[in-house]
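Letters A, B and C mark the chains in the order given here, with residues in each chain numbered from 1 onward.
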Amino acid sequence: MTTTIGSTRPRRTAGPRTAGRRSTPLTVAMFAALAYFLLPLFWLVVASTKSTEDLFTTFGLWFSDAPRLFTNIQGTLTHDGGIFAHWLLNTVVYAVVSAFGAALLAAAAGYGFAKFRFRGHGATFNLVLGAIMVPTTALAIPTYLMFAKVGLVNTPWAVILPSLVSPFGFYLMRVYAQDAVPDSILEAARLDGASEVRIFFLIAMRLLAPGLVTVVLFTLVATWNNYLLPLIMLNDPSLYPVTVGLASWGSQAVGGGSGANSDMLALLLTGSTLSVVPLVVAFLLLQRYWQSGLATGGVKG
Amino acid sequence: MPEIAPNHPLLSRRGFLAAAGAVGLTAALAACGADSGTTSTATGPVSQADIDKAMTTPTELTFWTWVPDIVQEVALFQKKYPAIKVNVVDAGRGTPEYTKLRTALQAGTGAPDVVQIEYQYIPTFTITDSLLDLRPYGASELKDKFVDWTWGQVSGANGEIWAIPQDTGPMGMLYRQDIFDQYGIQPPKTWDEFADAARKLHAANPEIYLTNLAGNQAGVWHGLLWQDGANPFVTSGKSDIAISVNDESSKKLARYWGGLAQEGVIGTEADFTDSWYASLNNGKYATWITAAWGPVFLAGSAKSTAGKWRAAPLPQWDASKPASANWGGSTSAVIKSTANPIAAAQFAQFLNSDPESAKLFATEQFFFPATKALLTDPSYVGDAPEFFGGQQVNQVFADIGTTVNTAFTWPPFLDQVVTDWTETVGKSLTARTDAVAALDEWQSRITTFATNQGFTVR
Amino acid sequence: MTATIAASTADSRPAGAGATRQRRVDARNGRAGALFAAPFLALFLLLFLAPLGYAAYLSLFQTKLVGGTSFVGLDNYVRAVQDPLLIRGVVRVATFFVIQVPVMLLLALLFALALDSGLVRLARVVRLGIFVPYAVPGVVASLMWGYLYGPDYGPFAQMSKALELPVPPFLSEGWMLGSLANVVTWEFAGYNMIILYAALRAIPGDLYEAAAVDGAGAWRIAWSIKLPALRPALLLALMFSVIGSFQLFNEPNLLQRIAPDVIDSAYTANLYAYSLAFTGQQTNYAAAVSFLLGLVIVIVSYAVLLTANRRRSS
């Protein structure tokens, strides 16, 4: 029993902090890097204030003479009976349900593997890990065919169910639970007569919280950004998440033939901006939580 | 502090191999098969009594289409047949829709009853036996309502009627009157004049090209073949095909366009991309080889050039025998697995042949019509949009429509043909290399594919 | 604190009945563990292994447009290993991996070390800003970079023209792989930086104190203390990059829209598998291609691991 309570919390001890000593060249270099990472986003914001025509005729990194952000936002939100807001809502529902579901499943399974031994323990664990290496496109058609048989295609479940299985989340939770939940606590609780389920939900879950945040975050971003799976599974635009919806606007804006409409470009870009905002804001507001979550994730794996 | 050490399962050699091996093993275990759906469909003509019964029985139909605001046309149908409820689903434009359709057909569930299909894809879906022959449902009677070549496009080798035409795209040329005037160029009537104009214009202003032949646009290439009277894909039964994409007619085209590309007097950038839109707006190209849907499309995409464009027929190989082809346009087809073939067939027919519905397509969606009635309707062909300086562009394309060759047929595996074209001929145009050699490569690739797919290649 | 107390209580139980009871408890515990894992494993079985098994099964058949479906054994695999398009795609993603991954990880490492050094002003703003692209959907990222790369209207092209410099041909055949690498680096460098940064923050302070006592400078500390501490995190990042690179799909798939003449349907191995399955109607062959690609990933990951471990032991 080498684990002590102290080690279950991520250590926040600082390195050799050199308070007051700042390097200007290094600061400049880092700000240059920052500019690179923010440039495309700046461009996107600028572009969403432009008409389709201005997009191609004015300088890309600055506003045109006739900014029309609100016209574009209005156009985006009202196009096709307000379908865009619907897509955003779908994305939120898919991402949140998947993220919390996946985190809970991964936590339970990780805890089960970390703290118990049962038949097939090792082989099963290796099997789950090996699954990470299989290209996702390999699974797409078979999954579709199976879902079609049970009538799940073109329902929200077709997107949510596959997102509930996160092999990496499971791996992370197992590594994390190994040390975050000391055996001694479990033993003590058992002696007190607590059931295993009770121990898991009342004691282990609390200790697993930082790891859970990490898995929630991973899955949230993964589902939010998911494109291929919903593209294949969903036929009905009112079920689309925002990524697939935007891509369908994109193909309306570009493909030739009857019914094509390049005015969609302005809506596409404004829609992109609007779709990025919630996640970025969420990241900024919740930075304390996810940074500690990722800290544990990074250290442990 | 716990950390990932080499003895962690994922990172240790043994654990890693065990994991990899385990996946492989399990993968080999599970197995299940897809069974294809079976539906009984009519072989002989369906009686009027059956039709009346079906059209008054409460029924739901699913209709996949990417036509915007098509609910207006659908509403006309539902007004006439209140018992039938049509659910309109936009499953994507073109390829995404076909991809979903194919997957649904493979799964045996989830396919719509009626589907929008472009002309060129009809054989791709009939080879897999996925479309319903509409002859028993009264479609034959509609033949005379539609432009002849469109009917040829929706008809099968044995007279089947696989779909009902919705809109069309007879090919013509849109050109910039202002640029032509500025450089003293007459609208070319023949391809020879066109080539001369290309050289002259580019020499006068190296920033400008007479046209752009996109290396990703197999549709235009097929159109140009079609205009020249070629018929490179001929199937007589379900298992044989004759492929001749590198015959003399094709080689003439390849020499012509490949030559202009190699001279550097035409553009070869991909079309319908952001860059291409920018080029249309800033006058980099003086013509656009396009189709009857082009004028409306251009008016929306290149607003800054309003009033400067005009329409004309395609330049000709033989000016005494004007010919054209089709690029784009769609049909409505009924999926064979539908549980309600009568209602579905009636819907596909009504939607495109009812005069009121057909007219709405022309006035609301600005589709170029497939019915003879509309193409002679003065209120349609007499329209004179300002974008084209008051020219009656619909009339121009209606006239072109009468010159479209009727014999052209599409291959039963269009995606493969298009992919191979893009990676051989298309690439040679963009890279400005030998287009004739690329034709041979295209021919050989398609032939190999057809053979592998079990076709007898004649 | 409670744990310590509890532990001592547990230790103080009578020794005699301990052994049998322990065994009984273990058996019960084992079942409980399996139960905890059951929901995840059930879904894993249904949603991962079953489709995978189905794909393996499909890969042994061939469906022809004329003649229907027949069992062909390993023919699809034999065809795939000789398929020039697949080989080209694999070579391309391998090239991508060799170029992009070291650059991205090196950048992430430099950023993390710089931010951890405490020498940068407004370090929090910088850290967050560099991380933000991770939150941007790949669909949107490809869209943005697609415009920025534009040869006529893109801001880089506009600036080059204004300065009378040649326009960088980002979307040309020669540059495309680099342009893709840039998009992927943009998306994930910040994420990797945060992981490495977190690992740096977790280095116990007493190590630094000891080093300071020994008179080690900043560079020496970075080299002897920080880098070794980052090793596991870096190795894991590397593993994920192997998987990510060889499965490269989203970015080329979306950039195909603006450069269809450069990115063909077999540009990357994964894109090829997708095209075969969804537009080429060759589901069976696509399954075989996907399995071979999985095999390549396994081999490369293993090679990376082997190299890293050998270097460590030497």
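Quick notes on this one:
Definition applied: a contact is a pair of C-beta atoms (placed from the backbone, for glycine too) under 8 Å apart; a residue touches a chain by one contact, two chains touch by 3 or more.
Bear in mind that the values here come from a model prediction, so they are computed numbers and not experimental data.
Two chain pairs, B-C and A-C, are compared here, and A-C has more C-beta pairs in contact (counted per touch definition above). When every chain is reduced to the mean of its CA atoms, the largest separation from chain A belongs to B. Separation between the centroids of chain A and chain B, computed from CA atoms only, is 37 Å. We define each chain's centre as the mean of its Cα atoms; on that basis chain B and chain C are separated by 38 Å. Chain A and chain C have Cα centroids lying 14 Å from one another.
In chain B, the positions touching at least two other chains are 1, 3-4, 10, 20, 23, 26, 32, 99, 103, 106, 273-274, 278, 282. Looking at chain A, one finds that residues 11, 55-57, 127-128, 130-131, 133-134, 141, 145-146, 232, 251, 254, 299, 301 touch two or more other chains. Residues of chain C in contact with at least two other chains: 49-50, 52, 54-55, 147, 150, 152-153, 202, 204, 232-233, 236, 257, 278, 283, 291, 294, 298, 301. Chain C contributes residues 49-50, 52-57, 64-67, 146-147, 150-153, 173, 202, 204, 232-233, 235-236, 239, 257-261, 264-265, 275, 278-281, 283, 291, 294, 298, 301-302, 305-306, 309, 312 to its touches with chain B in the complex.
Interface residues of chain B, counted against chain C in their complex, comprise 1, 3-6, 10-11, 13, 16-17, 20, 23, 26-33, 95, 98-99, 102-103, 106, 127-128, 214-216, 238-239, 268-270, 273-275, 278-279, 282, 284, 412-413, 415-416, 419, 422-423, 426-427, 430-431, 452-455. Those residues of chain C lying in contact with chain A across their complex are 1-7, 9-10, 13, 25-26, 29-37, 39-41, 43-44, 47-52, 54-55, 58, 107, 111, 114-123, 125-126, 128-141, 143-145, 147-148, 150, 152-155, 158, 186, 189-190, 194-205, 208-209, 211-212, 221, 226, 232-233, 236, 243, 246-247, 249-250, 254, 257, 270, 273-274, 277-278, 283, 286-287, 290-291, 293-294, 297-298, 301.
Interface of chain A with chain C (complex): residues 1, 5, 10-19, 21-23, 26-27, 29-31, 33-34, 36-41, 43-44, 47, 55-57, 59-61, 105-106, 108-109, 111-113, 115-119, 121, 124, 127-128, 130-143, 145-146, 161-162, 164-165, 167, 170, 182, 184-185, 187-191, 196, 200, 221, 224-225, 227-228, 232, 242-243, 246-247, 250-251, 254, 268-269, 272, 275-276, 279-280, 282-284, 287, 291, 294-299, 301.
Of all residues in chain B, those touching chain A in their complex are 1-4, 8-10, 15, 18-23, 26, 32, 34, 64, 66-68, 89-94, 96, 99-100, 103-104, 106-110, 118, 167, 169, 217, 219, 271-274, 277-278, 281-282, 293, 297, 300-301, 303-304, 328-330, 365, 367-368.
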